[in-house]
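Multiple structures follow.
Two complexes are shown next, each including chain A; its partner changes from chain B in the first to chain C in the second.
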Partner chain A sequence: MSVLRPLDKLPGLNTATVLLVGSEDALLQQLADSMLKEDCASELRVHLAKALPLPSNVNRPRIDLIVFVINLHSKYSLQHVEESLHHVDASFFLGRVCFLGTGAGQEHHCILHRNTVLKLAHTYRSPLFFCDLEVEDFRATMAQRLVRMLLICAGHVRGVSALNLLSLLRTSETPPPEEL
Partner chain B sequence: MERHLQEQTAAESADSGGTGRAGGLPHVAGAQEARSDDRMTLLLRLRAQTKQQLLEYKSMVDAYEEKTPEQIIQENQIEAKVEDLENEIEEVKIALEMKNLALARMQLSTALKKNLEKNDTMNSVLMDNMKHILKLNKLVMKSQQESWELEEKLLDVRKKRLQLKQASERKLLEIQTEKNKQKEDLDNVENSDKIKAMQKNLQKEIQITTVIQHVFQNLILGSKANWAEDSALKETVLQLEKNLTMI
Partner chain C sequence: MTMDPYVASESTPELTPRQSTSSGLKDYLIGATPLQKRLESVRKQTSFVPTPPQRKIPQCSQLQENIDSQKVAFLLHKQWTLYSVTPLYKFSYNNLKEYSKLLNAFIAAEKQKGLAVEVGEDFNIKVIFSTLLGMKGTQRDPEAFLVQILSKSQMPSENREGKVLWTGWFCCVFGDNLLETVSQDFTCLPLFLANGAESNTAIIGTWFQKTFDCYFSPLAISAFNLSWMAAMWTACQMDCYMATTEFLWSVPCSPQSLDISYAIHPEDAKALWDSVHKTPGEVTQEEVDLFMDCLYSHFHRHFKIHLSATRLVRVSTSVASAHTDGKVKILCHKYLIGVLAYLTELAIFQIE
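After this line comes the complex of A and B, so read on.
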C-alpha cells in the first residue's frame, strides 16, 4: 500500500505498534531499545523505517503512532521526512503522528534551524518534541513519554483518545517567522 | 528498509509463573489465587481496551459519514478553517468539563442533604462549620459597613476642604479686582480734564508772575538806584536767580 491509513486493520489484543521514521539508523535503534526497556503492561512492537512508503509485501499489524525523527545536524533527514509525509493519510494527523527533533543541544553542529522544525510541526498540527537522543537519560525520558503516547493512541487508556491528547498538547503560539 | 522488534508481556506471566513454582500446598493455592487475580486484572484491562478501541472506531465511522467539502479551498482559508475546528474541539471539551462539574456539584449537594437528614443536626461537625461560616460572614459584613462609613466621612471632609479652597480663591480674586479698580481710578483721576485745566492755569499764573518779576527788576535796574544798600530792592533783583517753576 502506498498510503498509511490509521485504524484500517483490527487491533491486536493488548498490542501497541509504533513506527519510527528517520534517516539515522543508529539513533532509531537506540530509541527503540529504550522504548522496549520501558515497563508497561501491554505488548509493544517497534517498527523502524528509513523512509515511507513501506514495502507492501510484509504483513504488519495496525500502526498506532508514527514518530518522525529529524536530526538537526543534517539536511537529509528533513528532506526524507518531508517526502515520507506525503505517504501518510490525512486522518493520521489527528493525534497519531508526532515529530521528534534531535541534536538541538550541540548548537555549532546544527544546520537546521529550530524554527524550521517548529513550522513543519505547526503545518501538520502535530506535537513536536526536542530531545538529544545521544544522551542516555534524555533518551530514557523521551522513550517513557513516547510509550505513554503510544498507549493512548492504541486505545489502551480508558477515557483519553488520540484526538483528546492532541488538543491537550496543542501550543497556542504560532511559530515566529524564520530569521534569515 | 524496515525492521521490527518485539517484546513479550512483562508483568503478568512472569510473576504468576514465578510464584507458581514456589512449592508447598498453601503456596500453590496462594499462587493459583494470585494467578486468577492476575487473569482477572488482565481480562478487565483487555475489556477496557476493547471498549476504548470500539469507541474510537465508532467515532471514525461517524466522522466519515459527514460530508467533506469537495471544493478546493485556498491556503489561508484552510489555516483559518483548521483553527476554527480546533477551537470547536476546545469548546466541546470545556462544555463537557463544565457539565461534569455541575453534575459533581449536584451530587455533592444531595449527598450533603442526605447526610444532614441522617445525622443529629445539633452535634455534627458540619453544623459547627456552617455556624462558624455564618459568624465570619457577619463579621465581614460589619467591617465592610464600618469601612464604608469611614469612607463616607473621608469624602465629606474632602468636600469641605474643596469648598474652603474655592471660597478662598474667590476672596483673593475679589481683592485683586479691587486693587485693579483702585489703580484704574488713580490713573483716571490723574488724566482727568479738571486737573489738566488746573495745571494749565497754574502754568499761566507762573508765567505772569515771572513776567511781573522781570518788569520790577528792570524797573529797579533802569532807575539807576543803588539797590545793593536796600534789602527789599536787593531781594527783588536777586529773585532772578530763582526759577519759579521749581516752587
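After this line comes the complex of A and C, so read on.
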C-alpha cells in the first residue's frame, strides 16, 4: 500500500500503535524506549520508520498516531519528512498526526529556523511540539504527553476523540478561523 | 402596579475573548525573534503564516566614504573573536585618556597578582583607547572605539610605538533596534571584537564589566546564520576575487568527528547565486535555501554524501569568513560595514 489510511484496518483489542517517522535512528529509538516505559492500561506498540511509504509485505496493526520527528540541526530530516508526508492520507490529519521538533536547545547547530517548522505544521493543520530528545528529562515528559495523545487517538479515553483533541490544542496556538 | 424594568447594564466591552487574545497572539506568532517582529510591524500582517526573514544585501553605505582605508586596514585580514556586550553605563568619549590609565593600572595589578599567564611578558605595557571614526551605519549609532595593548620598549632609542599585543574594539552598526529601548545614560555598542591572547581578553572584559556594569558573552554563530552569511557575501559584487569560496562541515560521529571541506571557484558561486536570486536588493529565505540546496545536491551527485545531514561549521568567501565558534575574518574593505551590520544584528539578538 502506498498511502497510509487511518481507518482501513480493524483496531486491535486494547492496543494502541504509534508510528515514529524521522531520519535519525538513535533519537527515534530513545523516544520509543521512553514511551514504552510509561505505564498505561492499554498495550502500546511503537513502530519506527525512516521514511514513508512503509513496505507493504509486513503485517502491521492499525496505526493510531503518526509522529514526524524533525531535527533542527539537519535539513535532511526536514526533506525526509516532507517527502513522507505525501504518502499519508488526508484524513490522517484530523488529529492523528503531530510534528516534533528536536534540537532547538543547541542554537549554534541549528540550520533550520523555527518558523520553517511552524509553517510546515500550520500547512498540515497539526500540532507541533518542541523537545530536546537528547535530554532525558525532556524526553520522558514528551513521551508521557505522546502516550496520552496516542491513547486518545486510539479511542481508549472516554469522552475525547482525536478530532476533539485537535481543536482543543488549536485554540491555544492559532488565531480564529476567519483569519485563515 | 408597575414593575421597575430590570435594566441590565452591559458594560462589558465589545471584544469577544477571542479577539482580545488574537492581538497578543499576533505579536507572539508573527516573529519568532524581536528583529523579525519589528520588520513585520512595518507591513500590515493579516495572515498567520509566519513569513521568513528578509535582509538587504550589504551595499556601500554613505558613511563608509568617511572611513580612511589606511586607518582601517589593520582591521582586515585578522581573526576576530566575537562577543556581545550589553549597553555600557555612564561611558563617555571625553574620558578616554582616563580610561587608558585606569585600565593600565588594573592590568598591572592583575599581573602582580600573578593571574596573567603570558610567559616572558615582563616588559611594560601601555593601554590606548581611541575612537574609530566612521565605523557605523547611521548617524544615530554611537562611535566605535578601540582598545589596544602595546608593549613599551625598554630602550629609549628604539621606536616609541611598541608592538601591538592585543586589540579589541566595540562597535554598533545599524543598531536602531537596541538604541530605541535604552535610556540616555547608556552607550550601546553591542558588538565586541578581540584579537590577541585570551588571558588579556578576560582581564579587559573583567575591567569593563566592573567599570561600566555591562556583561560580555561569547557570540556563537549558528549554522542557520552561517548559511545566510554565505548567501549574502556571495551576492556581493566583487571586482576581483581574492579567495575561493569554501565551506566546512562537521560530521558528528564517534570516536572523532569527520570534517568535510567543499571549495568552489568564487565566480561559479556568484553565477549560481545570480541564477537563484530574484528580488533585487533583498535576500529572502527561499533564495538562501535554494542556494544551499543546489550545493548539497551537487555534492551528493558526485560523492553520494548528504551534506544536509551534517553540521555547517565554517563559511569562507572573498568578503569574509566566519566560524561557528564566533571567529570572523574580514577580507574586503568595501563590505566591511555590511559584515559588521549583520554581526551587530546577531549580537543584539543575543543580548535580547
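Just so it is clear, the second predicted complex is superposed on the first by the 170 of 180 C-alpha atoms of A that agree within 3 Å, B and C clash if a C-alpha of one lies under 4 Å from a C-alpha of the other, contacts with A are read in each partner's own complex, and residues count from 1 in each chain.
Criterion: contacts are C-beta pairs under 8 Å (C-beta built on N, C-alpha and C of every residue); 3 or more make two chains touch, one makes a residue touch a chain.
The structure presented is a predicted model; accordingly, all values stated were derived computationally and were not measured.
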| query | First (chain B), second (chain C), both or neither: which does A:H109 touch? | reply | second
| query | Can A:H156 be said to touch chain B (first), chain C (second), both, or neither? | reply | first
| field | First (chain B), second (chain C), both or neither touched by A:L31 | value | neither
| Which of chain B and chain C A:S74 touches, first, second, both or neither | second
| request: Give the label of whichever partner, chain B or chain C, reaches more residues of chain A. | output: B
| In the superposed arrangement, which partner chain does A:A49 touch: chain B (first), chain C (second), both, or neither? | first
| query | Touch check for A:K119: first (chain B), second (chain C), both, or neither? | reply | second
| said: Quick check for you: in the superposed arrangement, does A:C131 touch first (chain B), second (chain C), both or neither? | reply: neither
| query | Taking the contacts chain A makes with chain B in one complex and with chain C in the other, which residues are shared? | reply | none
| field | Complex contact set, residues of chain A against chain C | value | 23, 73-77, 79, 107-116, 118-119, 122, 174-176, 179-180
| message | For the complex, give me every residue of chain C touching chain A. | response | 18-19, 22, 25-26, 29, 32, 46-53, 220-224, 227, 285, 292-293, 296, 306, 308-312, 324
| Residue ranges of chain A in contact with chain B within the complex | 7, 11, 13-14, 32, 36, 39-51, 54-55, 58, 60, 91, 125, 154-159, 161-164, 167, 170
| said: Quick check: in the complex, which residue numbers of chain B touch chain A? | reply: 1-12, 42, 45-46, 48-49, 51-53, 55-57, 59-60, 82, 86, 89-90, 93
